[in-house]
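Each of the next two complexes has chain A plus one other chain: chain B in the first, chain C in the second.
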Partner chain A sequence: MKIKNGFVVREVGGESVVVPVGEMSKNFHGMINLNETGAFLWKFFSVEHTVDEGVAALRAEYEVEESIARADVERFVETIKSSGFAE
Partner chain B sequence: MEHQTEKLKIEDVLREKGVYIGPTVGVSMLPMLKNRRDTIVVKPKIERLKRLDVALYKRGEAYVLHRVLEAVDGGYIIRGDNCYADENVPEEAVIGVLTEFFRKDKHYYCTDKKYIRYAKRRIRTYKLRRFYLRVKGGIFAFGGKILRALRLKK
Partner chain C sequence: MIYELAGLRVAIHNRCKYTEKFCEKYLSADQTSPVDLEVAVTNEEFYEEKKQSEGFSDGYIENICLYRAICRKLPVLNRMLLHAAVLEYDGKGYAFLGRSGTGKSTHTGLWLKYLSGAKIVNGDKPILEYKNGGFIAYGTPWMGKEGLGYNTGVSLGGLCFLEQAKENEILRLTPAEAASRIFQQILLPQDEENAALTLELTDKLVTETPCYLLKCDISEKAVEKSFEALTGKQYKMERE
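This part shows the complex of A and B:
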């Protein structure tokens, strides 16, 4: 899975927000707030990766149980796909 | 992109979240903000704006982000950094104020000394820039007339 090009993550006031740029800003008008895990996964999936790779990366970064990491990654990927942000 | 979202109302976002973070649209704040490249951070207006502040206001249904030149009774005199006409904007049309922005990937605060120096310089050099544009426009118009005259002779 890979997130489409045309977004940047901005850190403002300690929070991460996804902002569209270029052509993407003509179609996407919302504001996406990310928590710490979401910001990590957004950056990770800005490059093509599998869910398993996402789980491994999340575990390496936050030292969490595999079942928790997998649930987080699958939920994130599902949200990205259903929102039309995945390539 | 096939996925398209509804246009959000920035005043609703400001009321609910206390901040709006989004892309820039348009060229009226060049060279500070480039169309659809940079990011603005706007907070709700809680007090009267002052000279150099960048106001977010509504002109009909459109959102406009321009700089305050002067606070006057009942509103403001406002102009974009890349514009050559002033606008009288009523107080109630102003919904927010720019507090931070990202130019390319560099993060600026509107309280930065460097930024304030830029804003002052932009206003100070307005008449010079306008004069330059008029001269440049005049030269092009004159050159165009000569070219047309030469073509007619041929």
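This part shows the complex of A and C:
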């Protein structure tokens, strides 16, 4: 899975936000707030990776159990796909 | 014509006369030196806005589009639009923010009523510039229905979000709390560079400027609360 190009991610007041730019801003209006895990996964999936790779990366970063990391990654990927942000 | 706006030389290419009259107090005496920014409205933008602003004159519509075009290009020049009413008191600027109808003009009107030294810099759409580690709030011709404001720039001393309430109370906001409220009050350009810079400027704004939430009614007590928190002065001593 890879997140489409056309988003800018920045920290504002210590919280990560994503906004659409260019062509993307015509299809999607608004702004996405990410928690810490979300910000990590957004960055990770800005490059093509599999769910398994996402789980491994999340566990390496946060030392969480496999089942928890997998649930987080699957939910993230599902949200990205259902929002139409996956390539 | 070339105007001096928020410390910038801005060339505005308008077709309707409306904008020349509207911006006359900002006209530059120097119509020949290079400009920082140049704007015109495309037909596409004009007709898009016309659809949404039925009943308004073409001049008014072009004028709205021109300001939006200017503001979209500001971030690369270290500036951004903020939807707020900015008051000046004792040389400092204070921005009041809230969704339309929360009482920005009512609350700032109360400051004007009770504090003889208070003045409105821009009642609706000031431009902020980040300079030397702080923000400057500028008056612009675009200042809301009441047309309150004047051509000046003041150092921004604080932000105050407004919420209607029965009891008056003021709370200091964390940068994250201020960020979540401020997104409704900024303009996000569509090009990547200006969008990214807008977020970076907004981050500086909520982290480096004291931010408050004022829960208020329309009594003098509300002014006392916001005045003391924002200025650090004693209300009783300043009240005329």
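Quick note on the criterion: the second predicted complex is superposed on the first by the 87 of 87 C-alpha atoms of A that agree within 3 Å, B and C clash if a C-alpha of one lies under 4 Å from a C-alpha of the other, contacts with A are read in each partner's own complex, and residues count from 1 in each chain.
By definition in this document, a residue touches a chain if its C-beta (ideal position, glycine included) is under 8 Å from a C-beta of that chain, and two chains touch if they have at least 3 such contacts.
Source: prediction; values computed, not measured.
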Review point. In the superposed arrangement, does A:Ser25 touch chain B (first), chain C (second), both or neither?
Key: both
**Study point:** Contacts of A:Lys4 with chain B and chain C, given as first, second, both or neither
**Key:** first
Check your understanding: Who does A:Ser83 touch here: chain B (first), chain C (second), both, or neither?
Key -> first
Point to revise | Contact breadth on chain A, by residue count: chain C or chain B | key: B
Review point. Given the touch rule stated above, what does A:Gly14 touch, chain B (first), chain C (second), both, or neither?
Key: second
Study note, to complete from the structure: In chain A, both chain B and chain C touch residues 8, 10-13, 17, 19, 21-22, 25-26, 31
Check your understanding: Can you list the residues on chain B that touch chain A in the complex?
Key -> 1-8, 13, 17, 19-23, 25, 36-37, 39, 41, 100, 102, 105, 107
Exercise for review: Name, in rising order, each residue of chain A that touches chain C in their complex.
Suggested key: 8, 10-15, 17, 19, 21-22, 25-26, 31, 33
Point to revise | Touching residues on chain C, where the partner in the complex is chain A | key: 174-180, 183, 188, 190-192, 195-196, 199-200, 202-203, 206-207
Revision key, fill the gap. In their shared complex, chain B is touched by residues of chain A numbered 4, 6, 8, 10-13, 17, 19-31, 83-85
